[in-house]
Amino acid sequence: MYHRFDAIVVGAGGAGLMAALQLAQHPGIRTAVISKLYPSRSHTGAAQGGIGAALGNHEEDHPEWHTFDTVKGGDYLVDQDAAEVMCREAVESVYELEHFGLPFSRTPEGKIDQRRFGGHTRNFGEAPVRRSCFAADRTGHMILQTLYQQCIKHEVDFYSEYQLLDLIVNDGVCCGIVALNIKDGEVHIFHAKAILFATGGFGRAWKITSNALSNTGDGVMIAARHGVPLEDMEMYQFHPTGVYKLGILLTEGARGEGGILRNDSGERFTERYAPTLLDLAPRDMVSRFIYQEVKEGRGIKGKDYVHLDLTHLGADVVENKLPDLADFVRVYLGIDPVRELIPIQPTAHYAMGGIPTDIDGRVVLNAEEDVMPGFYAAGECACVSVHGANRLGTNSLVDIVVFGRRAGKHMARHIQEVDFTELPPKPDAFSREQLGQLLSRESGESAAEIRQHLQEEMMDKVSVLRTEDKLKAAQKTVAQLKQAYTRVAIQDRQTWYNSELLETMELGYLLDISEITIAGALVRKESRGAHYRDDYPSRDDANFLKHTLVYGTPDGLMVRYKPVKITKFEPKERKY
Amino acid sequence: MSLARQAVEKRGTNFELWSWYYFRISGVLLLFLALGHVYVMHIATPIEEVNYAFVAARYATPFWRTYDALLLLLAMSHGVNGMRLILHDYIRARSWRVFAFSVLYSAALIFTVLGVLVILTFQPQPS
Amino acid sequence: MYRGREGMWSWIFHRVSGVGVLLFLFIHIVDTALIGWGPDVYNAVTTIYHEWAIFRFLQFTLIAAVLYHSFNGVRIIVIDFWPKGFQYQRLMFYGAMGLTVLALIPTGVLLLGPIFGIAER
Amino acid sequence: MQVTCKIRRYNPTVDEKPYFSVYRAEVEPTDRVLDVLNTIKWYEDGTLTYRRSCAHGVCGSDAMRINGRNRLACKVLVRDVGNRMTIEPMMGFKVLRDLVVDMEPFFEKYKAVKPYLINDEPAPVTERLQSPEDRAKYDDTTKCILCAACTTSCPPFWSNPDFVGPAALVNAHRFIFDSRDQRGADRAAIISDRDGVWRCRTVFNCTDACPRGIQVTNAMEEVKRKLLYDRA
């Protein structure tokens, strides 16, 4: 089936919906949002903490301070022009969200309430500042709901439960997508002048992750298949406090309230690693401390986890300030956090890297920033790059809102300037062949076993602590798994709501993403932010103050580099 | 402008609101009337004594006639309102709906008229 | 099948008892109307009510229905008009059931007792 | 531990009528019911079909009937349901396949109550003000994740799919009680209709089913009271 729209947005999380809303405000522009889930199921809804913006509702604050914190938090791998834009526009974007109806928590005067969050400081690192605008402990949920509501108001066309299959590029110009209607298995072609990928992250490459089962990097890999390089893929954030074995996130606020991390002997081991900041050191660092403890046999009962201790805080603090955490712990662990220790381990959380874009969301193809006309990306699947080597808490929501908005605005201008590019012949041929192969193979490898093996290998060798040997071993395993994947067979032969088919395709993307992540990690022979190399334990600005760009070519992966844009803040040692 | 007023402007009536409210009001009144009736007729009076003479004596006073008329009208309207909602819940086909509501409202009318007539016109015969 | 809890059972009982009472109301209007035919007819009919055990059981059921419907009706009104009422809906359901059973004990003795040879009067 | 899992299956394109498949799976007592489904799907029967995404109770994909009650499969642990479980799709919507029901009518009802802020006045440069007290009035109903567990647990909805249902009313409540919302004429027309809030019979199944702990029935009661008290 053929559809024609002016703009196509793939992905209905915060970035996609924000862009769709900007487009919807132009009456002449027809927009469709394609999503493999219903929009309200997107993983933006899982974000808890808040959205950082220098509103200054409680105390003096400035976007410049926010920019500094972002740059420093990202270990100076941040493109500072983009960070400046983000922190400046965060303010008006938050007000816009409020005007859309977002139910922010309020100050006694009725203004948007703000609270402290890790790494956010006043006057370039002097003291913590109240910058995180929040709606109880479900800020992401509120952003997602509010944007979806506004899209309904503006009558945006939704194609829910449509799986993205391919991007259509004709002579270097992006002109559409191919998607599968999950319900009946029909292949649809969407022809458009501008296409935005807001397809989210890919945490499911790791065994323990806070990500949804749907976060499999489909858009990222489909872009890469069309010659787009992937930027800084080795920069993947592990959040230190995920529920043991489940990976469900327990907010940083728990340690903000005074929670303590303990090893098997009950020792507060952060004292040995970060004597001043202790448990509230940045995410990448605390994750590393835990990994070190486990590696040296001081995990609980010798296993791969440690304890988060809230027992000294008292029932009052736990129930009133950390109600969601208490709920998660009670439901999933059957533990009372007021009296018992919570087993936690680092959990794969957020991709700083992804599809490279400029500050208007246009996808760029190289270090010279040549764009692919008509192709945009925003949100976690994109890399602007505002997070550099480590993302600051609350900045993920800022990113999706600001750059989803900017991309939408730029798309609207672009659409008014250009004509439709003709589709190439048989734009869906590749997708149909791919589906046909998967649906017809009689017997072969099990996707579930390949997935399990991949996730364990990535968790073991490509997570918090990396070395040349581990990365090379993982590279070999992934290559073998990719081989096995070419023989993968599924049981379900139905076209009607075939979720096994989708899961198997998603596994293919995860395998490719893992391969690229490992390639990036291998060439970056330094330690910076989330990327920690045991064999190169310090930051090396002389050689590696640059972004990696990994291209997929017929001869294998090719790594190139792109300079980091530095405007105001010269790289300094990262101390807190 | 209030919500209900806006609803009226849009739709012309707040029938369901008033129906709902009336349900509660009549319910409270019935609570006393019906339980009183049950008490008087079944508990306080041994049922063997509920016979023609008992009813005749009772209807000698306007009080009991009024009581019974009120009880009849409230119970009937309350009950028919309830049946109306039940039929709306379970009968989906249009033709069946028309039929069911015709039966309900006809029965309600006939029985109400009959009951009211009995209460108002009853003249005791010497037994 | 859906395994509803107290709220669902209270609603089912309320509906069933309501329909039952309405049907009885129709019958009751007819039997009362017989009074117009004079004492012989009326007394003949009321005797059936009194003497036949099955009618005593039906009357008992009717009273049970009226009682439950009344008490649960109060529960519903409390939920409707007292802003905190919903918090006690389960408790009030058990309350309505308890009151119904309590009130049915003397009723049972008076109505059904004679059938079993107790509480003759 | 070994669990026996009885699942209602139906693929309308090939099956004449629904049937039950029984599976045995080896899982931990602390696993979620969703993990049981995943284990079956990944290692035993790939054709088993259900929705899922976040796996920790915030996206609302995997609402289904577990042992007769609407739950999120990712928010119920095996040890809480025991070693025998019966899993069926939610009631009241067409089954697309196995545990997947057609959600389109659900979202249509949601859209019908105009679930968005309506305020035609020009917005100020900064935020619109709202006191913490006014904000608290609709806090509970902002938790909704549109999983449909409430609507499909509602007896009036089962018998009459025209009823807008608890989920739509929860979202109507969220805006009716938002002091920033000005005009809800269309919203009021729909919720005050016969198939609107007045079809709620205070059954409380919705409240029991809500995985977010929203006092769904109470939200509808608040809407009823507001309609009544504001009628003039």
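A few comments on the model shown:
First chain written, first letter: the chains are A, B, C and D, and each begins at residue 1.
Everything below uses one rule, namely that a residue touches a chain if its C-beta (ideal position, glycine included) is under 8 Å from a C-beta of that chain, and two chains touch if they have at least 3 such contacts.
All figures in this text were calculated on a predicted structure; none of them were measured in a lab.
When the C-beta contacts at C-D and at B-C are tallied, the pair with the greater total is B-C. Rounded to a whole number, the gap between the C-alpha centres of chain C and chain D is 36 angstrom. Centres computed as Cα averages put chain A at a distance of 62 Å from chain C. With centres set at the average Cα position, the gap from chain B to chain C is 16 Å. For chain C, residues touching at least two other chains, in rising order: 76, 80-81. Residues of chain A found to touch two or more other chains are absent.
Chain pairs that touch one another: A-D, B-C, B-D, C-D.
Residues of chain B touching chain D in their complex: 1-7, 9-11, 14-17, 19-21, 85, 88-90, 92. Within the complex, the chain B residues that touch chain C are 24, 27-28, 30-31, 34-35, 38, 42-43, 46-48, 50-53, 55, 72, 75-76, 79-80, 82-83, 86, 107, 111, 114-115, 117-118, 121-122, 125, 127. Within the complex, the chain C residues that touch chain B are 15, 18-19, 21-22, 25-26, 29-30, 32-33, 35-36, 38-39, 42-43, 46, 49-50, 59, 63, 66-67, 70, 73-74, 76-77, 80-81, 106-107, 110-111, 121. Contact residues on chain D toward chain A in their complex (touch as defined above): 11-14, 30, 32, 41-43, 45-47, 49-61, 75, 77, 79, 96-97, 100, 103, 107, 111, 114-117, 123, 125-132, 135, 138-139, 142-146, 174-175, 178, 180-181.
Chain C contributes residues 1-8, 11, 76, 79-81, 83, 85-86, 89 to its touches with chain D in the complex.
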